[in-house]
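The structure under discussion is supplied below as structure tokens; questions concerning it will follow.
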Amino acid sequence: MDDSFQPDALLNAASSSGEAAEEIGNEEEDEELITPAEVLLKMKRAWQNEAAAPCILPHQYEILEILVDQIDGMDENLARVKDKTQLKVSIHRAELQRINYLTSDYMRIRLKKIEGNVRRIMTQHNERLRQGKPPLLSEQELRFAEKYAKAEAQLLGKSVLGFLPTPVQKIPHPEEDADLSSVYLQVLEDNVENVPLPDYTDPTAEIIVSLERDSIHLIPFAPIRDHLENDRVRLL
Amino acid sequence: MDAEKCEFLAGDESIEIIPKLNADEIHLISADVGPFEAGVGTRVPLWLALLLRKKHYCTIVTPNWLSPDELRRYLVAETENAGLTELPNYFFEIAHILVREAHEDLLESDLVKTLVQDLWDRREAKLRTSIVKFLSQKNVSHARLDYVQPTEVVAARPTLAACKQIARLVANIHDSQQSQT
Amino acid sequence: MIITRFKEDFYNVVRKTHVLMITSNDVDSLCTTAILSHLFTCDDVMFTVVPVDGYEELNDALRARQDYTSSIVLINCAVTCPILEILNVPPNSTVFVVDSRRPLNHFNVFEANQIRILVNEAERSSLGIPNLDDVIAKDEDSESDDDDDEYSEGSNDGGGRRNIIDRVTRRAVRKENKRLWESQKNKILWQYYEYNWHSTSTAVQMLELAAELDRASAELMWYAAIGVSSQYTDRLIPIEGYTDTCVTRMKPFITKFSPKNAAKSDDLLRISFGKELPLALYTHWNLYNAMAVNEYFACKTKNWTQKGEKNMKELLAKMGITLVETSRKFESIESKQKKELIEILDKEMGIGFASFTVHLGYSGQVNAADIARAAALRIESPHNVEPMDRFQAALRIIRAAISGPKDQQVILVDAFERSYQKMLKMIWHLVGTAINQSEIVSTGAFYLMSSQRAISAEVAESRHFLLNFTHFLLKAFACSKRGRSGKPLIVTFPLPQSEKQPDGWHVVTGIMPLATAFEDNTFKSIIGRAFERAAKDQQNMQLSFDSFDNSIITMRATDRARFFDKLQSILETSGI
Amino acid sequence: MDAHEGIADAAIRLVQELKHNPNIIPPYDATLMRQCIDTLNRLYDQNARSLMDPTGDPSISPEQITTQREQRTAAIIYIWRCTTAYIHERACRIRSLRWRFGGILPISIRNNLSEAEIEFFNSYSSALADFQSSLGESGVNLMANTEPPKHLFVQVRVKEDYGEFETNDGNVVILNKNSLHSLPRQDCEMLIRRGILEIANP
């Protein structure tokens, strides 16, 4: 009964993407071999952060693409199984569905953020590239953003702006208010020291706090943004 | 984040089940589970426990912390502590999921339901007062909220909008002050 | 072909494919579908459910799926007909038949490729299925072989004439044998098909399958309890048959899911089985109203007559029950008094009925017979409401009983008080009028009540209504005067016109004489067979056997007289 | 002053049309839009003329002329905001249509869009489609798995005839009106959103 179903094939799928992960690990730094389970954990963290962050965060598409390939591979393996009602199949399916949700929702959240303020996000993306920081958008997202920006500009142009005097032909920008937002976060690594917070009574003063490991805070987003990018804290 | 997403995350927490079937180890992406031996307890992620249970392949063992005795202890601690008490990860999510989908497997599920609700109420009251206090402080934009549970963060999300408004207000005042000087 | 190993030859086969369940719109079928749906859901099997009212819709559903392979499960549809002959069964599909109607059509039994009829092992031997050789002719090949012989032998020299004589004799013998075989076959089939009846509830059979799969639960038991209860409240089986199924087939589940064996938790679904009054809806009504429309009390007091009310009061006094008690909402009576009242009424009625009751936390107690009644009225009619709408509405009623006090309140109050009580009053009223105005005529072989009064489609198209009315009427008719229990009763009602129903049609049904000694705990009836024969060879009569019950048919009002003449002669010779 | 309040009326009505119909896309109001654009251009011309010829009307003092100009500018900005907000909000709703109905809009909704909006819908649609096909071997489907998964299968009732439907693993089911089905949740999410299937609680 089990011959049509190959757990080995599943393992292969897992280990091949494990290799893929390894390559990427090498590219980045001397990270150790990364297991599919670890990739999944990272994805979960990225999704949680993205969902809770008031602005778009640097993309995690290396991880995402490993998982997307993994889902493809598993889908193929499962499609080959004859008896679809085997318990094993259901269990693998259910797990795939969870991972699929995670990756899809991650992409969706980011696309919606891009649509919400496409011009500003593209500017920020380019600025980061100039500064040598990790890119904000993935290749795929960037292509999407460009197309979207064009479509939006055309819509506005053909509906209103094209009929207006040149000085009022500008495309409206929604405000960016990530700088004013607060977030809930948990400290992951050892204490995060020297976080400068604004002092609401004096615009020139700062209050310096340090955040203990594992502690949870309600805190302005701007000052901890870098710590988030460096995985020292996570958003809730 | 919303309550549903919190429950989704709680699905990865591990829980003990008593299988009703025998089955080999299964290699999942997230972990290996099994082998399963009928009648012998083993730990699996909650989502898998629910799936097996739905198929009548296992019963879920009530986590120790969800027993009436433990819950009463938490309640006492919650009363004595000024801050929030530490609870197991995804406490409320798991409790809600089990009461909703597996209440036949819980010991004294009615009582458990009431006690969990009591605990929630008590913590919510605390959170509310501390958030009011936090919002009314003058210079500080930061509050420490250790041991807060994911669902509680979701419930307290409107606070973020309030924080933003305050920040904007402050920024505006500062702007106008600067332009005056 | 008959299969008896439900798990191996049915469940484990169908679960590997997409399953199409076509289900007759009645309560037992609904419960059967609910149990199977649960099992399929557990195993992640894709399935489709299509509820149908009769053969036409059944055929439509099959026609739409001609080109696709799947397992088809027919639930209480068509087992009494030659399925492959009269239905558009998709050529690549296997048909599994779960059906309580008997007798099984012999073509279905002997068809080995596409048809699988699920029959309980214990019942198999009592089916009385004729031998294959006795009812299905062997291929005619042998004859043509002979002809070949004939030819070759004929070319032989010598003894030619003698051979010819031999051959002629042989052929004559063969012909005679064939004729004998034919007449013998007709006799066998005549006997085999003489009666129609219902076997064990299909829902109960599927509960047993669930148990075999280790998936029985209190919820599934509830469906089965409703299924078997509906067979009784729909008047398909007598109380003996009902009780027998409960105490034998349901026994293991009664033990397992009884409140006595419950863990401490309060909100756990439990189902008990115990003595209950066969008095429809009395726990959701007051006793007086429930008794007034009840067959037993109405006949005993003849409360459709002028003396009726007086008789009723006397009866109450005799039993020691006060009028105040009977006019209070039964629910509001304190429990000790309730028990006493039930004790008295049970003794008076002497029917010995027992039923299933839901125990769920602090919800009110609901019994399966009442739910089966309310669900039957909702699911069977009117036909111009989508079959799926009725299917889902009835399922909601059944589920409301086990899903907590809130649902019980909203859904059940509506089903009981706004619908079913109305129907009970209507049945009583129609019975009273029919008796008072002597609408029943004796035609020699049967009694006939041919109503001219149009009644709403909500009841006229409901088997539950028709059979309950007819049984009640026959009882009332018989108790009004001696010597009226020896003939069957045929009843007709005009059907209201609708999209699906042209004007000028009647529904016709009938039941066996009151004095019939039923065998094998079943209501074996010849009425359906008699209807079929009366309709045979009558091309110029417009009538329709669309219902899966052959004892419920519809016909043009103008054809009724001729139909009844024919029926008359058929029933006269049948010797009931 | 009064004249200016009247001037913004069309713009205000435009925004209100959307506010009063929060969950649908009302027909594109080309007339109001045209009015707004015309008003805006007129105000702009008036300002331009008054700048070029500051002494055009001797009966009005230079201070008054400046005030008038400022008022007109305020009106221009206000109308500009309203019209772009109108287009912007509609664009948001059009995007959500893409998520609900996929690449093909029901005709009744399509009729409510302007030509530019239909073009926008199509460009957005193809941008999304390109994005989805740029990932994985055979692309990803972002329209599926839109909620945290609970069960693999879902029971649905068919609300309108759909015909053949092939699930991911190759099973073909006929979705005829009023039949009930248990299908893989992932496969039929889109049909649920389009209203062809309705979740039926078992």
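First chain written, first letter: the chains are A, B, C and D, and each begins at residue 1.
Note that a residue touches a chain if its C-beta (ideal position, glycine included) is under 8 Å from a C-beta of that chain, and two chains touch if they have at least 3 such contacts.
Bear in mind the structure is a predicted one, so any value in this text is a computation, not a measurement.
Student: Weigh A-C against A-B on C-beta contact pairs and write down the one with more.
Tutor: Looking at contacts between chains, A-B has the larger number.
Student: Roughly how far is chain A from chain C, going centre to centre by Cα mean, in whole Å?
Tutor: Chain centroid spacing, chain A to chain C, equals 61 Å.
Student: Take the average of all CA coordinates in chain A, do the same for chain B, and state the distance between these two points in whole angstrom.
Tutor: Comparing mean C-alpha positions, chain B is 23 Å from chain A.
Student: Measuring centre to centre with CA averages, how many angstrom lie between chain C and chain D?
Tutor: 56
Student: Measuring from the mean C-alpha position of chain B to the mean C-alpha position of chain D, what distance in angstrom results?
Tutor: 37
Student: Could you pull out the residues of chain A that touch at least 2 other chains?
Tutor: 84, 90, 93-94, 98, 101
Student: Could you list the positions in chain C whose residues touch two or more of the other chains?
Tutor: Those would be 43-45.
Student: Any chance you could list the residues of chain D touching two or more other chains?
Tutor: Chain D, residues with two or more chain partners: 147-149, 152.
Student: Between the chains shown, work out who touches whom and classify the graph as line, ring, star, complete or other.
Tutor: Topology of touching chains reads as complete, every chain touching all others.
Student: Can you tell me which positions in chain B touch chain A when the two form their complex?
Tutor: Listed in rising order, the residues are 1, 5, 8-9, 11-12, 21, 23, 26-31, 33, 47-48, 51, 55, 57, 131, 134, 138-148, 150, 153, 156, 159-160, 163-164, 166-168, 170-171, 174, 177-178.
Student: For the complex, give me every residue of chain D touching chain C.
Tutor: Per the touch definition, chain D meets chain C at residues 152-153, 155, 157, 167, 171-174, 176, 178-184, 200, 202.
Student: Would you pull the chain B residues touching chain D in the complex into a rising list?
Tutor: Residues in contact with chain D: 4-5, 7-8, 54.
Student: Which residues of chain A touch chain C in their complex?
Tutor: Those residues of chain A that touch chain C are 82-85, 89-90, 93.
Student: For the complex, which residues does chain C have touching chain A?
Tutor: Touching chain A: residues 15-16, 43-45 of chain C.
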